């Protein structure tokens, strides 16, 4: 019998891929019958390198784990170290951390707006949102000195206090972005073709979601209300008032709706945090990093990033260097087993859209 | 008359001028530097006004932008991609990790010096380089092209043994690289 | 939280032998168990007690003890409790039971354990290679694998990094200049 | 003798004008798209630079004869169609080779280019090309039907198969756009597909198929395709103006009219994601086909 299926490689060099990875598709006509992901193109061996660095040096590697959203990684590391050591964080630093984390979430949402629509051919959206994302990066630049890598949330608090008048700038940017988000809605969510392309595509139902350990917007898109910020609250999230949106559709459209609401919730949280921000110190000084040892022990902390739950397992043997740092990215489960299962039966035209919707972020898988 | 030196010069000048103002960058985010490429292409920095735009496949591209560290696994693909590109072609190394390994200097899986494997025309340093730096890198490349000095592809042809030998040292004998027939 | 933990401990202890627990502040509880009962205890936690989310599988290489410590972290959305299941296996001969029929995503973790630590997983069906390609020699995440030596041997280094340990000192040494006052303010 | 020389000169002028206009329009579309997207955008002559650069690139790929011939087919088809379509109402500067029944010939020749391209793309061995070609052809089936129906309606209504006759009719009765509105609607909707802007750009959708049929083509091949594409665009736009907007008396009028038509697919494309192939076909077999039927009925009744 003649083999009807042909093999199509998406990636690693491909405009539609969400990073440097590869999906090998077996297709019959336009339908995918088998999908295999191949990762490892970005394996830099962070976790090995961190064993060779001391506790502060390995912190600078931390934010490079996942580029679209670097602050949750710093937060993870800082909190893991604080948990092992029992170090207190000043109250003001906690609020600043939440603000930075939410700004990072918002920036990442803007990137997602671009990616999701770019994968469906609506390039105008990407140009708008990625352009507007610069305003958030400007804030980061003023606060931390860097656009992408901040190294701001570090063990013991944050690196420095807010500059003068920073809060007003943040609020002004939030006002602008809120207006822009409405524009995005006009272009994207009121778009009949976008609706047609995304409804009923890339379905992750509840059973699959639980079986695969799905997290974040993908889980909320199938109707399960789960958010680390509420379930396992960290910093000051338990004092804040925000909604965790859910949708029932379980397809790309539902996940898009979830993210759309979440972006607005982020703005709401940032406003609240600035309103409630207490005074005081921001940094509980760590000892000389060259001699800084942590007690023997381990910790597992989690943060809600845009793609979902990101966890970090840190183990210390009482020495100068970490014994083991192990990051569990949200994409780690989404991009391999889940993607392989979800892609079966879909049209090849939707591969890129599904990948964007699931939030596959290769650097996070490979580390 | 056509092949006479002066007219050749004029033809080269015009060709280089066109090449300078039309730089198609291959859409291949090899590393984390890929995150600063969308801002470079979009509204605030808008590289398209300088003639820089993306190309989907290596056949159509002029510039291979190595955005950051290269793992050995990616290196093989990058070199295949580079060899599929058509002359004239240029390589831009982006980020500290392409220059000297950056913070991955002791990693077992990333290369440290890009120009051992590919002829790099322009390096952009920084971790992460800002979009302004990227634009400045493209400006430098344009300048080199206009002066006719961006001849990395020629270097690759001349010293092909050297580049391939360096690659072979890393990837061992297991992985078969196809022959480069240009 | 106290009651939930006590309840969980009693239930686990009633069902399995040789389990020692360790309590922590907050929503964390550790169980040290034998390797062979890992699938049973995880199934029990998932099916009977509502720990439906496998959050993480990690591995720590305790070279001094000659053992790997495998950590399974499960989470219950109802109890809001993180449960760590820890087990130790021998570095050379240890075999881990496969749990990817309980949680599908465990497959990925096990592939990584196999490749990065060289841990055999009993009955794992997956491609040989995960992150590395054509890797020969010691699995890289083992502690006795020296990444720096490997990198020195395999790759070229551009000269000029040797004195980059502290940039400020290097600058002073090179140019015989003092750190300017404005820079001193930011140096911790 | 004189007339032959005049014809040859006229043909060359026509091709050059078509090339220049088509390229400029594409450049303008890039500029306008950029303005919509909040950025400055490339200069309007950027496409000429790109084309020149592509032409000056070396090409060292060989995939067999059809791969080389594919772009040539496209070029031939574009030039044929631009020569048959009358550029201006009086053929003084732009002599054309039109004859009775040229509308039917046009229908064929406009399909010929993509078919040749399909042959060429098939031989490159790149799966992206092959899939892109299949999509292109199936999408063509979608928009060709309303387009043919619109043309047939016009032919039936005015009892002619000659473009020049149709243009002559419009000199007396006014624009066909108003006298046979359904044919116009069907044709305009079909045009959206013909120009392959979003939402009907799945043929070369970058995020799915790299760049579809042209994946393996760079350098001179891409230059040939680009220039034949711009000539073809000019031909199509002129055809629309000739058919429905009464032709043009001078170049300025032609440019205004063609650019107005060109704006429709361009602006629509800026705000639309792309349809999948079967969705696109379903779209064309919805309202456009309905208008095509109405046009036929209209033609039969009047």
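A few notes on this one:
Every chain is named by a letter (A, B, C and D) in the order it is written, and numbering of its residues begins at 1.
In this text, contacts are C-beta pairs under 8 Å (C-beta built on N, C-alpha and C of every residue); 3 or more make two chains touch, one makes a residue touch a chain.
If you're wondering where the values come from, they're calculated on a predicted model, not measured in any experiment.
Interface comparison, A-D against B-C: more C-beta pairs in contact at A-D. Per-chain Cα centroids separate chain A from chain D by 44 Å. Chain B and chain C have Cα centroids lying 37 Å from one another.
Per-chain Cα centroids separate chain A from chain B by 30 Å. Between the Cα centres of chain A and chain C there is a gap of 21 Å. Looking at chain A, one finds that residues 14-15, 40, 43, 45, 48-49, 52, 127-128, 131 touch two or more other chains. Residue positions 37-39, 128, 206, 210 of chain D are each in touch with at least two other chains.
For chain B, residues touching at least two other chains, in rising order: 27, 42-43, 56, 58, 73, 106-109.
The touch graph of the protein chains shown belongs to none of the named shapes.
Those residues of chain C that touch chain B in the shared complex are 132-134, 136, 140, 145, 147-148, 150-151, 154-158, 160-161.
Residues 6-9, 14-16, 30, 117-124, 127-128, 131, 187, 191, 193-194, 196-197, 347-352 of chain A are the ones touching chain D in the complex. Interface residues of chain D, counted against chain A in their complex, comprise 33, 36-39, 127-128, 131, 198-199, 201-202, 205-208, 210, 270-277, 279. For chain B in complex with chain A, the touching residues are 26-32, 34-36, 38-39, 42-44, 54, 56, 58, 69, 71, 73-74, 77, 81, 103-104, 106-110, 127-128, 130.
Put simply, chain B touches chain C in their complex at residues 72-73, 76, 99-101, 105-109, 111-113, 116, 166, 169-172, 174-175.
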